[in-house]
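Labels A, B, C and D are assigned to the chains in the order they are written; within every chain, residues are numbered from 1.
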C-alpha cells in the first residue's frame, strides 16, 4: 500500500494483486482524446491529468502514466484501484496526485470522469479570498453560485508542497465535492467531475473560460451572475450540446497528431 | 410548428411543407466562408452561428445544421422559413437558437445577414451594468454610442437557460434591434446584423476587438468615445473597406482547410 | 490632384505625370518583408500600412496598393509623389490614408520609413487622457518620456471618420513628429517613423509591447519609467541590435509563405 | 580584455588565449534545445539568452553567438571564460550582456545554467515598486517570498542603456543572487539560475506564468501567497518533475524544426 505520506516522493509503485476486466471498446480511446483535447485547449500543459472510471468494474479507473497529457497513447494508460494503486503499471511511473481521482471515485459512485488542472484563470481566483468562482454565462451553469476552495493548510498545515499526494489528502479534497462539481485548490488549480469524459472535458474548458470572463467583469463593476435556477437550466439544456465541442476538439486533436 | 418552449429540447424538427428557389451561386459559398472565418478569428468556438437571408426568396434564410461552425460544408446548410422551421432538414438536427435569426429577418426586411456569438470580451461586458459597449475606435462605428443589453429575465423570468429557443423569445430580442445593429445578451453573448455576410462578419470581428479595447481603456481612466457623428462617418467610410479583411480571411480559411 | 476631402471616398486615383528611377535592389524586397512581418507580429491585421522612401529619388516613396499587408507581393507596390499621388497605379486602388506617409516624408527629409497601425495595446492608450505612452523598458527608448496624441477633432471637428484622408490632415499629423518619433492617434492607432524599414518595423513591434507592459504596470501601482537619458542611451545601443529581430522575422515570414 | 564600458558597443571580441576540453556529449545538444524551448514558450523573442557551465571545466561556460535563440544550431555556440571573453569566437559576434552569465558563474560555483529574458509579465512587475514577484502557486516555489529587483541606477546612475554590458555591472547583478534564484531587473527583465538546463528552463517558463497569475490576482483582491515552508516543499517535490515539461518541450521543438 502506498497511502502514507512517505510514499509520495517515489512514483514507482508496486502493482496491486487483482484481476482486471476489459473496458468497453471506446473508453480508452476517449480517454486518450480527452488528454489531447485538454492540452490543445490550454487547460493542461505538461502538468494536469484526466481519468475515467472503468465502465465494467466500478472500483477501478484509468489514468495515464506520469507524463505530459498531450502525448498520451494507449500504451501509457494504467488501471488503478480505488486505493490509488496501479493494477498493471509494469514499471511505468504514476502521477503523484492519483489520489485526487481514487478518493473522488470512492466517495461519489455517480462520478465517471475527473479532470485536474492548473489553468490560467483558475489559479488567480484560487488565491483571492473575496471572489469565489461563480457561473457568469450560460456555458458554465455547472459552476453554480459558488465553487468551494480547498485550503490544504486546514488539513495538513502551512508547509506542504500543495500536492494531493496520499489517500488522506485525497479524502479531504473529495469531501468538497458534496457542495459542487468543481473545486478550486488554493495556490494550485482545480478539479472538476462529470458523468462522462465528454462532459468533464467540456466543463474543464468552460470553467477556465468562465473564470477569465469573471476576472474581466469583476474589474469593471458589479457583476450579474446566473441565478441558481438559471445555472440549473443551463446544465440541463446547454450541456446536452456537449457533443458539439467534443466532436470538433476530437477531430482537431487527431488532425494535429497525424 | 415548433414555436412552443417545449420544442427546444428536441432538435429534430419536421420540415415545413413548402417549395424552394435556388439561391444565387455565391450565397452558400459565402455562408460557408463566413462560418469558417468566424471560427478562425475566434468569434465563435464550437458554439455560435451565422445566417444569410435567401437572396431570391426574402421569407427564407440559410443556417448550418447543429454543428461547430469551423467545419461547415455545403451539405450542412439548411433552409429555414421565418417561423424558424427547416424546409429541407432531412433529418439533420437544427440549432436550438434559430429563432434569433428568423425573428430578426421577419422584423427587419433590410437585414441580410446575422451573427450570434459568445466572444471573449463581449460576455464580460454583457454582465456589468454600468458599462455599455460603445464605439471606441474608427473600425467599430457601427456600435454607436450605446449597444443595448437584452435581459432575458425581463421577458421570461429568473430561471431560464438563457437560450433564445422559441419564437416569442426571438421576437423579444428582435425588438432591441430598432435601437442598434448590435445587441448584447446578458450572461450569454451578442447578436449583430448587417446588409451582407461580408459586413456582418466584419462587424462581429471588430465588435469583439472594440470590446477588448474598451475593457482595457476603462480600467485605465476616463475614455474618449466616438461621437455619434464620428460613428456615422466611420460606418460610411471604413465599412466600405470591408472587402479587405473579407478577402484576407477567406483566403486564410481556404488555406487552412486544404 | 486628389488632396481635397472629396477625393477620399474614391480610391481610383489618376497617375501623376512623372518619370521614375529604379530603387536599389533590396528596397522593394525589404518593403514586402516589412508588410509580412508586421502582419505576422500582430501589428497590422487587414488594415495598417508601411512605406519606404525611394532611395534614389527622395521626393518619392513606395507603398502597397489598398490591400491586406500580409499578402503583399512585388506587383502590389506603387510609387507615390510627396503629394500622395500614385506615379504608376495603373488602375490599382490606393490606401485612403496615403497622406500620412506623403506629408511626413515631405516635412522630415531624414525619415526613411513609416508604419501606420491599430495595434491592440496602442488603441486603448490613445483614448485615455491621463496616461501618455511612455518608454517603460530598454527595448522602447524611442518612445521617450511622452508620445503625443493627435486629436483629429482639433483640426477637423467632431464628426470625421478619423481617417487621414487628405493632404491637410496629413500635414496636421506630420507636425506632431517634431516632438516624437511615434504619435498616437485618438480612437484610431499610431504612426511611427524611422531611418530604415528595419528600424521602423522594430519600433512598431516594440511600441505595441511597451504599451501592453505599460497598461499592465499602470494597473498595479506607481511606475518607474525610463529617464530621458536612459531612453536616449537605449536608442543608441539597443536599436543597434535591430538586425537580430529583423533577420528572425524575415526568415519566419518567408517560411510561412512557402 | 573587454571588461571596460567602452567595450560594449563593439561585439567583435578577440579570443582569449586558452585551451579547451570537450564538454559531455549531451551538453551542447541540451543548450540548443534550451534556446529553442525558451523561444517556443514565449520566454525569449529575438532577445534573451541561455547559458550552461562547462561540465568538464568549471571556469568556462557556453552561450550562443549574438542571434535570436529560436534559430541556434551547434555552430552558433561559443565557449567563454569567467571574464566573459570568448575562447573560440572565430569572428562570430557575441552578446553584449554575456557578463550576466560570467559573473554569476564566478560568484556561485553551484550554478550550472542561467536564463536572461524580458518575458511579458515580468517586465511590468519590474517597474512597479510596491509589488515584488512572489510565489503564488506550487509550480513556482523557487521564487520564494520575494524576488529582489536590480536597479541599475544604484550602480551606474540614471542615464544607462540598462544593459549589463561589462564585468562591473555583471558583478553588481550577481550579488543579488545571494538572496534569491531569480532577480528582476528594473525596466529590463529578469535573470534566473539553476542547477541544470532542464531546471533553469522550467524556472524561466514558470516564473513568467507565476508573474501573470500574480498580476491578475493582485488586481482582484488580497492574495494568499505560498509560505516560505510551502515554497521550499514545492521546490523539493514539484521541481523533481521538471523532466516532464522538458521532454514535452524538447519533442515539440524538434518537431517544429524538421
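We take it that a contact is a pair of C-beta atoms (placed from the backbone, for glycine too) under 8 Å apart; a residue touches a chain by one contact, two chains touch by 3 or more.
Quick caveat: nothing in here was measured; it's all calculated off a predicted structure.
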**OP:** Name, by label, each chain that touches both members of the pair chain A and chain B.
**Re:** none
Subject >> Interface composition of copies chain A and chain D: same or different, split at half >> reply: different
Subject >> CA centroid of chain A to CA centroid of chain C, Å >> reply: 48
**OP:** State, to the nearest whole Å, the distance from the C-alpha centre of chain C to the C-alpha centre of chain D.
**Re:** 34
Original post:
Counting only residues that touch at least 2 other chains, which ones in chain B make the list?
Top reply: 219
**OP:** Please categorise the chain-chain contact pattern as a line, ring, star, complete graph or other.
**Re:** ring
**OP:** Sort out for me which residues of chain D touch chain A in the complex.
**Re:** 136-139, 141, 209, 212-214, 216-217, 219-227, 229-230, 232-234, 236-238, 240-241, 244-245, 247-249, 251
Original post:
In their shared complex, at which residues does chain C touch chain B?
Top reply: 8-9, 45-47, 66-68, 70-71, 96, 118, 120-121, 123-131, 158-163, 165, 186-189, 215, 218-219
